[in-house]
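As written, the chain order gives the labels A, B and C, with residue 1 at the start of each chain.
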Amino acid sequence: MFKKSLMLLACLMSFGFAANMDANKSDALNLNVVKNIKVAHKMSDLSKSCVECHAKETPGIVADWKNSRHAHVGVSCMDCHSVNADNPMASVKVHPKDSNNHVSMLVSPKTCAKCHENEVEESVKSGHARGAMQMYANPAMVKLMYHYEGMDHPEYKMAPDATGCTQCHGTVIKLDADHKPTKETWPNYGIGNVYPDGGVGNCKSCHSAHTFSIAEARKPAACASCHLGPDHPDIEIFNNSMHGHIYNSEAHKWNFDAAPDTWDVPDFRAPTCAACHMSGVGETTTTHNVSRRLKWNLWGVSSKLRTAGDEQAAVVYEKTGKLTIGTPLAGHPNGPEAARAEMKLVCKVCHTSTHTDNFFIMGDKQVELYNVYSAEATKMLEELKAKNLLLEDAWSDEFQDVYYHMWHHEGRRMRQGALMGGPDYSHWHGVFEVKNDIRKLRKIYKERIESGKVQ
Amino acid sequence: MFKKSLMLLACLMSFGFAANMDANKSDALNLNVVKNIKVAHKMSDLSKSCVECHAKETPGIVADWKNSRHAHVGVSCMDCHSVNADNPMASVKVHPKDSNNHVSMLVSPKTCAKCHENEVEESVKSGHARGAMQMYANPAMVKLMYHYEGMDHPEYKMAPDATGCTQCHGTVIKLDADHKPTKETWPNYGIGNVYPDGGVGNCKSCHSAHTFSIAEARKPAACASCHLGPDHPDIEIFNNSMHGHIYNSEAHKWNFDAAPDTWDVPDFRAPTCAACHMSGVGETTTTHNVSRRLKWNLWGVSSKLRTAGDEQAAVVYEKTGKLTIGTPLAGHPNGPEAARAEMKLVCKVCHTSTHTDNFFIMGDKQVELYNVYSAEATKMLEELKAKNLLLEDAWSDEFQDVYYHMWHHEGRRMRQGALMGGPDYSHWHGVFEVKNDIRKLRKIYKERIESGKVQ
Amino acid sequence: MFKKSLMLLACLMSFGFAANMDANKSDALNLNVVKNIKVAHKMSDLSKSCVECHAKETPGIVADWKNSRHAHVGVSCMDCHSVNADNPMASVKVHPKDSNNHVSMLVSPKTCAKCHENEVEESVKSGHARGAMQMYANPAMVKLMYHYEGMDHPEYKMAPDATGCTQCHGTVIKLDADHKPTKETWPNYGIGNVYPDGGVGNCKSCHSAHTFSIAEARKPAACASCHLGPDHPDIEIFNNSMHGHIYNSEAHKWNFDAAPDTWDVPDFRAPTCAACHMSGVGETTTTHNVSRRLKWNLWGVSSKLRTAGDEQAAVVYEKTGKLTIGTPLAGHPNGPEAARAEMKLVCKVCHTSTHTDNFFIMGDKQVELYNVYSAEATKMLEELKAKNLLLEDAWSDEFQDVYYHMWHHEGRRMRQGALMGGPDYSHWHGVFEVKNDIRKLRKIYKERIESGKVQ
């Protein structure tokens, strides 16, 4: 469990450009290290000037940083914000005024990776990495955002995307003539941002700026600002689960500050989102690949096993500059059963194998029951389509509207509720509604087939 | 208020089988008791072997127990898990391997009652005790779970029940040939489990294993994992109430650890679910009969006074082995006005009688207003039924579907919102929707009566 | 930022009637003040008798008060509850029994203003002040509460109002022959109560009795018991935002007790409701006028700029005794751009101007996009009305029902979600539903226009 506990330390040692460190020696465990790190606390004059001015201009940022682990180990403003003049995100003018320094307002995972290489690499292999790309590579999604919701309005059509989708999914950030991000693409806290420097992802989605706290990201609230709502009510499911019940009644007494791979019981009594999906709990190793422990893709029209290994969206983008819908079946590199086995290692910390096995057998059955509903609905949809009995405007077409909700909302809830122990979501918000949805679809289908007309 | 404060102590003294206690003397209040209890800390060799092995196998369980009151007073693994070989839940093989000991993975309230007799007795008199039984004794519920939702699918039909209903209601736990609980019936954290040893209920639903904390059960989160959602949004109503407002802003500073019957203001500034419904607050005495302080049954098709005294489901089951729907009008042994009077003793701790009386008068009126809606809807339903103007598949029949929602969802919210001070639930999620439901019902009714046809 | 930090102190000094204070000298900052305040701790015999008796009768109230700032500075029971015999709220009988004192169970902002004059004055200038009045001055609202929801039932028609609307909006409190508040009008925790003594508002809505804590009112939970639900899910939006994400993961470590106008970063790391809308953060000054920093009225059928300055409802009521719908476009005295500029001063504490400007530009576009939808819907409504193609019972009329929801529920969520950074509310619960609503309206409109009939 202490596999990586020295990683931050080690990586700081190799953080050559980080100001006044004297050396990057291999004696990482003797007292000299402490001295070296101490030296790093002497901020560069440039960073000092940042802090002095921004303590007045944007005191919240400085206050955050002062209490961050970054500040404690001597990582300061310019270590992340100073960029070469030819960086696409570099400020047109030097900053501060009297320097020869260029800054970037935006900091992409490329910068974070200078120290946190493993974390960024893992993250890019996960579904998080295609958050933004999958939207803009999908014509149906683009049409939903700009055409249907934005009404193709010349002035307002970008607003639903900017105030909605991108805030969680991220966006492909564009810069204006002044090298500042455009209003349509920033600010957002989306997990799948594509940055002008080619970086993909967004560490700040979970480790919010400018403290970048590990404790924060281990709490459900860090996931909850995106993983909520009708289409993936994950925080609601967690609160509905016995895990959430325990968390909500006593987590204020738990320890969230343990080093990576050391955070384990008795630091907590019930797992959080991170504990199951990311942390090095029990016999597992910490990963930022949130898809790795998932057996199923539960957000698709039908549930499918995650057989595709690592997510490829960022790789393709780096090679070709193309936005793709990525790898919906991304998961564990060794396939879905390896994913499930790794997840069970977390369960095992507190539960017997009978408990865990029974739980997943019945959860999987609920997932497969959904597929029975889904197959019937899709068959009807395809037949109506073949017979020209669907409207072009899907949102005016009751069949397509119910079909969408049965899949995208009710059907996800039914499946995710089952596999995360949230009975109200498996049942009331899930299969209970799916069962009515299929009845509506059958009725409309029958009417259209019998009448040969849409209405 | 200190009526029962020595109960745990006293009952531990009588806990003869609990390992190394020297004696069960009557001098419960002198220093010898301390010695006796101290002696109990010497765990049996068997329990020691449990802890040693499970600290590696399932460290979460051991960590929980180490910090529990149980561990502090010397109650350890085998005190709950060791059973006679002829116990239906006994492991087929001895465990641990080299012992002559049999264990049960399941621990029913029968075991808890060995020390916590009053709590289990009270619990069995409450509606909680029929949580599971009422489902399986009700053909409509069974049909909903397996036929409608499960589609009578040979492989998947049990999934909606196992991942949904049972997780809160509990189930009738079945064992396989290996004496292990079947996947269809366990794990769950349902409050009304019927165990193979005849025990009914589930202490762990609120006092989660393996700390079994009293503080946990006093917090709304302990109730919230079941009392939520469209049909009984009790945690949502609490959060909507002034009580919830106060709790959510400052409860982290309150004291939840006081002994039973001593927990009272100023330990807290606003009541939690437990404080009103269970705790020995003010002039009341702690009870685990959650139905005792309830004047009304608010979950039925129409609101009825709770005139039936103690819940009988567990009694009938013990005598006859039959699963029944139990006693929907279970409440205070002295009737609904005694229930209300006891509840008002809690209110009185902080509120004047004018405040409390006015609150309940108007709340009761909202409950009775619902009955006006309900009576009209039921009259229409019965007339349609008599005239053969209902579909057999209720969920394909718009009248029956709206009727169900008006009762089971909107109507409960209207009533529970009113009597727990949650205005958004009394109004927006309640009567505001009920008023539209009745209009839909009238329209469909009129069409069917006039046309003599269902569609 | 320390502009008002001595206000409480200063106002206490002028609190002449508050019992045993020796003097109200101008040397507010020397040690005599401490002595004077200390003297005030000697409660009057009357207040002592309150405390003695109520410690038994309603111990929660006394416990609250004991820990309040009021108790610490010597403000006790009778300072707020003792009134002249001719006060309309005065108890008919003297209280306590053997005194010549009259008390009022109700305490209106008029009493609070004796010390907290600025706060009450600011509050009255905000939309909060018309909370109750706007309901009773609006025939449509009165009809909704009593006629539609209450079914004009002689016994129950007031219940929806009393258990619903008034609990947040407040009511016009009426007294019975015994000078006690009537059950139809009290208790409630509504923000816009109109008291029999002419006081308007309700300090206790946010600073709950009897601690009246400043820390409480700074937390989202204080707003959340009213600002929730389908029509203004403000707490849900907050939880969905990055601000909520941060608050929910670490606020238990923040400092909420700082004096007014001194509460600022690093006391907190992300703003709460109060921080943005009320507190003296950064270069702003604390205000209880919650409308002051708002550019838009986002609750109306269409979004309008807040051009009307201070709310007038309470002023009109004081002058004429008339209940009016007040000033829906109340906002900053210098207009909507001044409001936005003041709000941006809060953002500036942590965000760059590019961040803040971009955020509001896109938020405003979403607000204006809603107006495009709203204008089309209203045009159809008016045409149908002109052609007599609307039902009189709006709730039986699908067009009017969808129209209402598109505005009052979905449309508010779309706009408030956008301007408070809650993407799920801007999108899924907002424009995604609005887009479908407009399609339903177009369909019904077309049918009615073409057929010339309502059904």
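Assume a residue touches a chain if its C-beta (ideal position, glycine included) is under 8 Å from a C-beta of that chain, and two chains touch if they have at least 3 such contacts.
In this text, all values refer to a predicted model and were calculated from it rather than measured experimentally.
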Numbering shared by both copies at the chain B-chain A contact, with half separating same from different: different
Cα superposition of chain A on its sequence copy chain C - rotation in ° rounded to nearest 5: 120
Whole-Å gap separating chain A and chain B, where each centre is the average of the chain's CA atoms: 36
Residue numbers of chain A (touch at least two other chains): 252
Chain C - residues contacting chain B, complex: 57-61, 63-64, 66-67, 105, 148-151, 153, 155-160, 162-168, 180-184, 186-187, 189, 208, 211, 213, 215-216, 219, 221-222, 224-226, 228-231, 252, 393, 395-396, 401
Residues on chain A engaged by chain B in the complex (per definition of touch): 239-242, 244-250, 252, 264-266, 269-270, 282, 348-352, 354-355, 357-359, 361-363, 365-366, 368-369, 372-373, 417-418, 421, 423-424, 426-432, 435-436, 439, 443
